[in-house]
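Each of the two complexes below includes chain A, the first together with chain B, the second together with chain C.
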Partner chain A sequence: MTPHVFQNHWQSHWQNHWAQALLDPAGAPPPGVARQAGTAPDRRFAVYRNNVMVSLTGALAARFPAVKRIVGDEFFDSAARAFASKNPPRSPLMMTYGEEFPDFIARLDAASAVPYLADVARLEAARTRAYHADDAAPLTAADLAGVSQETLFDLRFVLHPSLELVASRFPVVTIWAMNAGDLELAEITDWSGETALIVRPALDVEVRRPPPGAAAFLASLAAGDRLGDAAAAALAQSADFDLAVNLAALFSGGLAIDAAAAKDDPQ
Partner chain B sequence: MRRARAPLQPSRLPPNVGLGFKPEHFAAIAAEPQPLGFFEVHAENYMGAGGVPHAQLARLREHYALSIHGVGLSIGSLEPLDRNHLARLKRLCDRYNPESVSEHLAWSSHGGAFYNDLLPLPYTDETLAAVISHVDEAQTALGRRILLENPATYVRFEESAIPETEFLAEAARASGCGLLLDVNNVFVCARNHAYDALAYLADFPIDEISEIHLAGHFETFEADGSPLLIDAHGCVVSGAVLDLYAGVIARAGPLPTLIEWDNNVPDWRTMRAQAAIVQERLDHATGGGAKSAA
Partner chain C sequence: MTTKTEITAATLAGALATALTLVSASAEMGGEKADKEKCYGVSLKGQNDCAAGAGTSCAGSSKVDYDGSIWKYVPKGTCTTIKTPNGVGSLKAVKS
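Now for the complex of A and B:
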């Protein structure tokens, strides 16, 4: 017996009707729901429709708490419902649900008064990915003890699998921290852009705010550039970039898990 | 005709009370040995690559029997099983070697979308064939006998032609799977669909039961004022459900019994107190023979 034999008429089937009706809050219940004395099929089917919507919007609220705090419960719920009804999960792994929510927020006219909202959502989405990312032991300075100065600049680092950078033209880390309970709510006077560094060297997800040179350095390393090229990229971004300090931070912060001397560039 | 194949690993949880594991209880659980038969987790919550979920589950696994309870395989769908998801479930089982693996007589995926709810199916020859085929495929992939759980439902289908107990019995007979009897689901369905819970339980294939689930439900109302029960897993198990449970145990003998409390999750002391109440019913109904695992 093979599963495909059940598919031949599925398009006219109860399951297809149910799938359509579940995400349509105004639609009629699917055909074929039995009537029972004293009960209303609409109300009975609405239990499922409600379960689905509450579970999906609840998953978004759990993943994007700072976004919710910024816009308030009512606005968030309305945005989450609009998103969920058009973008149901594509996988049974609810930990991955909402990957497209930041882009959805960016396109949302009603959120145009809070232009930094989508970047806060990107930061929060990255935190969940980091929470579930693979475990890996960070590289220590001792691991590179025997590496000569020339070879050092040719090293390519493998950064921690949880590590992500979220670059923003807004002070995204400051705004997130204030709405995640990590910083007191206060008026923001410096609206310079910030890059968020999200990483989970052990079990706790950390959100850091590297200065522009360090952010450029990490972005370059993450792209697979040699250490020498990453340092040059950082210096181009920020003249006071200090390679020794940032190399030490790579180890003390648990940001890298491996390094290997680059072979000749393939180009 | 059944294919010849390697024997499936059976479900072998200890016949005592277990609790659904919630991460917020981890510190309290780790602080001292818990007098529980086992812990149960939802498979999908542990399908990430690493981090806290696996660190906690690995610790738990060192000390307790484990039940992996899937909520996303969509066994009751007419579509083929999601092979990627089945492969993830296999990796999880290979990693933790649980005493039991279970899933639901329900569907949750269709047309590439996942609805994150346990949705009902009509009971027909067609859906029965699909369920048997899916259970067979899952068991073959996992190398394990899985348990299939009776659902909590709010609607019935006009085209349903097979009673639920008969549907489950035939699915178990044809696929070789075991059954997970959720007594709260029986109570909720009996009330919602106006039938007798005791009659349902009398028809249930009792020899196939390898685990029992208990949970709390809440009561809402129809437009005409008649009650509608919602299987919400957000409060203590009702006295009526405990009475049904005691009747099942008196007939079937001691069985691994899980208390599910997934919403409004209380502190660990409250969870333990609920487990103690159920363990007492379990011991009493079986003449006090079953001992708690330390």
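Now for the complex of A and C:
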């Protein structure tokens, strides 16, 4: 074993100890932490450990404000600490921290009284991703003016890179909007499921609630289906689906960035 | 395939033509969004659209009012007219 390899081995061993100690409030400080004078090393290390936890839970609170509002500060803080101690960040970019938080909430027994909470978290996570997604110029209606009638059925759209759909068996958009300050808090009487459409065509992230047919249409287009098949899927979901209105929304909402006719299935 | 009989090329072409009319109508009615610009130094704490700097995790996370390193989207052309206790907004980050 060369000295270089030995050092790397020692270093990663030491780093693992350090990383584990950081996230375990009951654990001892990592080996090698000593003091020259003043406060005992375990108390000093506890300050450092607390800073790490506070910054991670703070990042979650910044990304999931509606979830926090629904469950309250105390519940959110304990859920965020439980999550952070098991899911250390893998990137220094704190805006991406908490990708697994919605799934964590879904498995959380304590949150079973609010079964819609995980979907609200999914919506909020998608909003941050949309915010940081690539910019792209939306497709305009004029771009399609030259497409021939024969190729229309086979047209495949490329949707905006920020676009995501969050389907829920709960009224997730209504619940989110009420807890994000977009809607007055009120009793929800219609508990039918909603699909959230999250997109950032320009500078602002938008959250919309497409009706079932429109949601199926977008999901089909997002999956790379042909326009004709997507329209059929939407009609199968809802007989009220209006293709003209939804195509217009696709352009005016900046939801698509490109379109090309291709007979073959992608892949 | 049965769907092909329901959705014909003529149906699609008709829908697309109607859609083009709808889009141009909404554009004429002023449906286009005004452009926005990033404006530094005007955001109240917690109200920023994005934060550049140590100790913050971006949107909504700034800790200080009117922090010069932090920006908020404002309608284009209005940034340098926004008055704060530290002067007007800036299109570039301000060192405090």
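Operating definition for what follows: the second predicted complex is superposed on the first by the 247 of 267 C-alpha atoms of A that agree within 3 Å, B and C clash if a C-alpha of one lies under 4 Å from a C-alpha of the other, contacts with A are read in each partner's own complex, and residues count from 1 in each chain.
Throughout what follows, a residue touches a chain if its C-beta (ideal position, glycine included) is under 8 Å from a C-beta of that chain, and two chains touch if they have at least 3 such contacts.
Only a predicted model underlies this, so the values are computations on that prediction, with no experimental measurement involved.
Asker: Under the stated touch criterion, which partner chain does A:L203 make contact with: chain B (first), chain C (second), both, or neither?
Answerer: both
Asker: Check whether A:S55 is in contact with chain B, with chain C, with both or with neither, and answer first, second, both or neither.
Answerer: both
Asker: Counting residues of chain A in contact, which comes out ahead: chain B or chain C?
Answerer: B
Asker: Can A:G32 be said to touch chain B (first), chain C (second), both, or neither?
Answerer: A:G32: touches chain B, not chain C.
Asker: Considering only the touch criterion stated at the top, classify A:P92 as touching first (chain B), second (chain C), both, or neither.
Answerer: Touch status of A:P92: first partner only.
Asker: One more residue to check, A:A141. First (chain B), second (chain C), both or neither?
Answerer: second
Asker: Between chain B (first) and chain C (second), which does A:G193 come into contact with in this model arrangement: first, second, both, or neither?
Answerer: neither
Asker: Examine A:P211 and indicate which partner it touches, taking first as chain B and second as chain C; both and neither are also allowed.
Answerer: Neither partner.
Asker: Starting from the residues of chain A touching chain B, keep only those that also touch chain C in the other complex, and list them.
Answerer: On chain A, the residues that contact chain B in one structure and chain C in the other are 55, 59, 94-95, 97, 131, 203.
Asker: So in the complex, which bits of chain A are touching chain B?
Answerer: Within the complex, chain A contacts chain B at residues 1-4, 6-7, 10, 13-16, 18-19, 22, 32-34, 36-41, 43-45, 47-48, 51-52, 55-56, 59, 88-95, 97, 130-136, 161-162, 200, 203.
Asker: What does chain C use to touch chain A in their complex?
Answerer: Touching chain A: residues 3-4, 6-7, 9-16, 18-20, 22-24, 26-27, 31, 33, 35-36, 50, 55-61, 73 of chain C.
Asker: Given the complex with chain A, which residues does chain B contribute to the contact?
Answerer: Counting only chain B, the residues touching chain A are 44-45, 47-55, 71-74, 77-82, 85, 88, 107-117, 119-122, 126, 129-130, 132-134, 136-137, 154-160, 192-194, 222-224, 226, 228, 230.
Asker: Give every residue of chain A touching chain C within the complex, in rising order.
Answerer: 55, 58-59, 62-63, 65, 94-95, 97, 128, 131, 140-141, 144-145, 147, 149-150, 152-153, 202-204, 227-229, 231-232, 235, 243-248, 250-252
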